[in-house]
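One chain, subunit A, links the two complexes that follow: it is found with subunit B in the first and with subunit C in the second.
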Partner chain A sequence: MKLLTALFAIVVGVGGTVALFYGLNYLVEHTLPQRMRDTARPWVFIGPAILIVGLYLLFPALDTIRRSFMDARSTSFVGSKNYEYLVTDPGTRETIWNNVLWILVVPAVSVAVGLAVAVLADKLRPKWENTAKSLIFLPMAISFVGASTIWGFIYAWRAQGQPQIGILNAIWTQLGNEPVAWLDQQQYNDFLLMVIMIWLQAGFAMVLLSAAIKNVPDDTIEAARIDGATEVQIFWRVVVPQIRSTIVVVGTTILILVLKVFDIVLVMTGGRNGTDVVAHRFITEMINNRQLGRASVLVVFLIVVTIPFMISNIRRFREQESAR
Partner chain B sequence: MGLAHPSGYADREIVVAKIEMDGVWKIFPDGTEAVKDVNLTVEDGEFVILVGPSGCGKSTALRMVAGLEDISRGKLKIGDEVVNDLSPKERDIAMVFQSYALYPHMTVADNMGFALKLAKVDKSEIDKRVKDAADILDLTEYLDRKPKALSGGQRQRVAMGRAIVRSPQAFLMDEPLSNLDAKLRVQMRAEIAGIQDRLGVTTLYVTHDQVEAMTMGDRVAVLKRGQLQQVDKPQVLYDNPDNLFVAGFIGSPAMNIAAAQIERAGDDWTVTLGDSTLRIHPGAIERYPRVRDYDGRRVAVGLRPEHFEQGAELPEGQVMRGHEVALVEMLGAEMLVHFQTNAAPIISEDMREAIDDDEAFAAMERDAKKGGQRFTARFDPGDPPKVGSTIDVGFRTEYLHFFDADNGTALR
Partner chain C sequence: MSANAAPAPDTEEWSDTDATSGGGPRPGAGGWIVRIALAVIVLVWTIPTIGLLVSSFRPEAAVRTSGWWSQITTPLDWTLENYATVLDGGMGAAFVNSLAVSIPATVIPILAAAFAAYAFAWMEFRGREVMFVVFVALLVVPLQVALVPMLRMYSSLGITGTFLAVWLAHTAFGMPLAVYLFRNYMGSLPREVIESAKVDGAGHFQTFWRLIIPLSVPALAAYAIFQFLWVWNDLLVALVFLGGSPDVQVVTLNLASLLGSQGQAWHLLTAGAFITMTVPLIVFFSLQRYFVRGLTAGSVKG
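After this line comes the complex of A and B, so read on.
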């Protein structure tokens, strides 16, 4: 019975879409004067998509902004109170500071690791290059939650005397130290979480950067060699400038991902011990604390911070396209 | 050797060096022998062109001089120093690449000054030298542009500028003109030759274009399948080719080469190509004395297109009669007439390499089966013969060339 419903839904959904476009096209063909047809046709096809994106994306975004000026249950207007909370509450401030740390560390390290692997793999024979690159790329296939679970085992802690199931503590205690509850260490637990994200994203960075490096014309490198550049100088002065736009695109793409990081924190620490980040905090505010206003402010904050990076990314992308 | 520099460029003294390849081999890991036992010396300040069909190893040879490829065997000297194991940087040479290889992220000025910057030359000195080179090359107004914003010809100049600025011991050029359109190529040909002459820098220039080879260099080295065939002044190469390959490769339109029979008739010698028998001018025998050893034997005979004469005013023994016109090309200052003969073509590896075009060679093989081949004659423009009509063509037999039909060596 369920299968039938699903089939029915598919047939009606797909058929309806086809019928809609066909019908609209028919209308354009038969009701509009010749001159207007060419102008109208693209709109007929792109219109429904714009409408749906507007309905499901733009409207909620605007509604979130509205709610950010209202109280916990979105019943009365409270002015900028929620925004004041955003900047004054120590917990929220710590959350934002954590996000800043993530932004500073993760994209930079991911790009650096990706670049290093891409360059080194490029010097290997093709067979080994592909093996090495596949291994680095493999984590990309794992979800954030899955990766977090894996790393949860790596960082796992058992009281002294019990067998250590976490690989890090297993090594650490073998070296004669007492087991450490790594994720409770406020000085560096943020960075332990970032490692997971870097592990996941370095492969992505590597794939794009590797392709970019292979696109650098060999003869510019040979010309530099004849101009008297050392291999290190060739890398920094000839190769890196030629792949700069890819580096920026990869960096900003990871940066946008970092701004939205949520799953890793939820699975690993649940935001305890000073590891909370904005995206996780807003879920906590909304679901656990039932503070719709405060949650909305956090979302608005995220959107506002993301926009400039999005714009720069799109602009870069266009530049690259037009340079082709 | 130090050359006082022509004024208008810089007051520096330029040190140039001779390049000496002594039994140089390049054997790739898969066993391919790209360059075989090449002995070539480019003297101080000399402009030598290394020419050959595609895949003959000329670029590999140049890259070995540059230090971009290892030398498998033999010795390479720049100046009087063996540089086999020196890096490109230590060899003090500049190279112009076919693709120009400009750094796309740098301005023209930075492109030209990059080598000096790496060598930690003073900023003011770099500026001065870049400006001087830009003056020579007419690039002054483009110094702040990126290569992307330049035309092909301008990019080519920047690539030249990058070499000039360094005032190296030698220039190496790898088909620098092949990416330019025909008109610009003619202009840059003269310009590069002019600049080389002014700067007096030892230059090794690689090209597959035999017109460039003929017009630009002091001497031309012809390479085939990794082996040096002949090294000489362009005109000597043209007038006295050492073998069939050089004869067929140098010259455009190419020399007509066909199988022929030598006969002695008293004091006279004749050569028979297909149906035509020509009396060999004593001057030709003087240049190719070994013809006398070939009485009654098959040889390869070469006829340059410009040595044909229109009409049959020449005396008997210098006229090839009754040939059908296959194609006429009117080129304004001259007229090329292609006519069918029944002289058998020479089908050999030399000819395949000289033609450097598999399709054209296949066409020649088909002609051979049919028992004849087309000849090309270059005439003064005038009344063009009709295609399909039959003409008589004279040939000035003092300009005949003779080669051994089997091994291709000139019968000198």
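After this line comes the complex of A and C, so read on.
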């Protein structure tokens, strides 16, 4: 029964979309006068895409900015009160500081690990290279919630004297230490959460960097080798400069992903013990506290952070177009 | 995400046997150091998943009293009971819901984006450039912008908690990347192909269905994998627009609530987590080649 309902939903959803395009096309071709058809036709093609993006992204972005100046239920304007609240609230300052840490650490470490694996695996026979890469890449298929469960199990803590079922505490107590409730340790629990993100994203970095490394012309490497450069020198002075643009792309892609991460924090700590980040705090304000104004301010923060990347994307797109 | 993934490489599949390029000498002097270093990284990357998998098949008592690595000493003590418990406890229904969410939320944006991309690549109309630049700009916009306004709109329309609500949301959030990728791909198809169809009397609509779609399958497939994995693994959109009622709850939400309510029942959590991972892992292993090709051809979802 359940399965049938789901199947029905799938057929209706997909069929409905196909029918929409056929219907629009039919309307244009059969009801409009000849000279209007040419003008209308492109809109059959782009209309639905524009409409849905406008409705779900463009309009809400503006609406969110407006709501950030309104009260908890978006009924009246309150000026900059929400902004003042969040600027003066010590919890928010910590949250933003955590985001800065995530932004500094996660992209850099993911790129470093990805680069290391790409370089090392490149020196193996293809069979082993592929196996190693597949295993590093595999976490990319796992959800943030799934990955958090996996790592929650690694960080699991039991009181002293009980058997430790989390592998980290098992190793730690084997070394003669007392068990540690890792996620409660304010000095470094942020980093333990970042490990999850790095674990997920290093494979992505590796795939792109590996492709870029394989694209580095052999003769530049040979030339350096003939000049007597060591393998380490070749890597830093010949390979890295030639893949710099890939490193930047990978780093910024992960950075933007990091900005939006909330699932890991939600299921691991719920933002307690000084681990909150902006995207999670947003959910807390919106759903738990029902403070739409404050929630909107946090989104405005996210928008502002992404604006430089938006501009650089557009600029790069323009350059590509003029080079075509 | 970023608008472009670096100089597009020609040899992007790692199944290529082209491992001799770009590297140093074959394993020799430093060969063992390389192998050991790599083995350590691979081990650190794999152990978490192995621990999860092993624990999910261990009896509850064993999971409570010993680490999963000690299973080596009792190799025959396996059970499927954890899976049965979790599946009956709502994960089974959630699995079906996840399919009902993910399949349309993958197909709908592909269709809509392919139409739009065709128009951007091959049709003349006013505002074409400007509108495409808007799509490029939207690539990095955090989807959080949509949540407050859309939640308001959905509740006034009364469609909160329906599949339709999440399909449309995922369609919108996946659209900028899809339009961007498809337009670049379709734009690189040879002009003569489209011209010849026109000479044969085909309109844009026929050209699109009979010619462009079949030719664009590589790009469409690569994107389909991303979007499907992204929707299947999503928690945010499901949490806000669909909610946790049993008849619509998806696997990620079920697992998250399991983590909240059964935080110490690791025999159930591990089984639950593994169920949520099955479909992505099948997709991953069977389509890895296309997945990698998609990544290197145009980067990922933002």
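Note that in this section the second predicted complex is superposed on the first by the 264 of 324 C-alpha atoms of A that agree within 3 Å, B and C clash if a C-alpha of one lies under 4 Å from a C-alpha of the other, contacts with A are read in each partner's own complex, and residues count from 1 in each chain.
We adopt the following convention: a residue touches a chain if its C-beta (ideal position, glycine included) is under 8 Å from a C-beta of that chain, and two chains touch if they have at least 3 such contacts.
Fair warning: this is a prediction, and the values are worked out from it, not measured in the lab.
*Asks:* Between subunit B and subunit C, whom does A:Leu138 touch in the aligned arrangement: first, second, both, or neither?
*Replies:* Second partner only.
*Asks:* Figure out whether A:Arg272 sits in contact with subunit B (first) or subunit C (second), or with both, or with neither.
*Replies:* In the superposition, A:Arg272 contacts neither subunit B nor subunit C.
*Asks:* Once the shared chain is lined up, is A:Ala224 touching subunit B (first), subunit C (second), both, or neither of them?
*Replies:* So A:Ala224 only meets subunit B here.
*Asks:* When the two structures are laid over each other on chain A, which of subunit B and subunit C touches more residues of subunit A?
*Replies:* C
*Asks:* I'd like to know which partner A:Pro241 touches here: subunit B for first, subunit C for second, both or neither.
*Replies:* first
*Asks:* Considering only touches as defined above, state whether A:Gly13 meets subunit B (first), subunit C (second), both or neither.
*Replies:* It touches subunit C, and subunit B stays clear.
*Asks:* Touching A:Arg125, do we find subunit B (first), subunit C (second), both, or neither?
*Replies:* In the superposition, A:Arg125 contacts subunit C only.
*Asks:* If I apply the document's touch criterion, which positions on subunit A are contacted by subunit B in one structure and by subunit C in the other?
*Replies:* Overlap of subunit B and subunit C footprints on subunit A: empty.
*Asks:* Under the touch definition given earlier, write down the residues of subunit A that touch subunit C in their complex.
*Replies:* It is residues 2-3, 5-7, 9-10, 13-14, 17-18, 21, 25, 29, 39, 41-46, 48-50, 52-53, 55-61, 63-64, 67, 74, 113, 116-117, 120-126, 129-130, 132-146, 148-154, 156, 163-167, 170, 199, 202, 204, 207-208, 210-216, 218, 221, 231, 234, 239, 243, 245-246, 249, 252-253, 256-257, 259-260, 262-263, 266-267, 279, 282-283, 286-287, 292, 295-296, 298-299, 302-303, 306, 309-310, 312-314, 316-317, 320 of subunit A that touch subunit C.
*Asks:* For a test of understanding, state which residues of subunit A touch subunit B in their complex under the given definition.
*Replies:* Residues of subunit A touching subunit B: 217, 219-220, 222-230, 233, 237-238, 241-242, 244, 323.
*Asks:* Looking at the complex, which residues from subunit B come into contact with subunit A?
*Replies:* 66-68, 87-89, 93-95, 97-99, 101-106, 114-115, 118-119, 148, 162, 166
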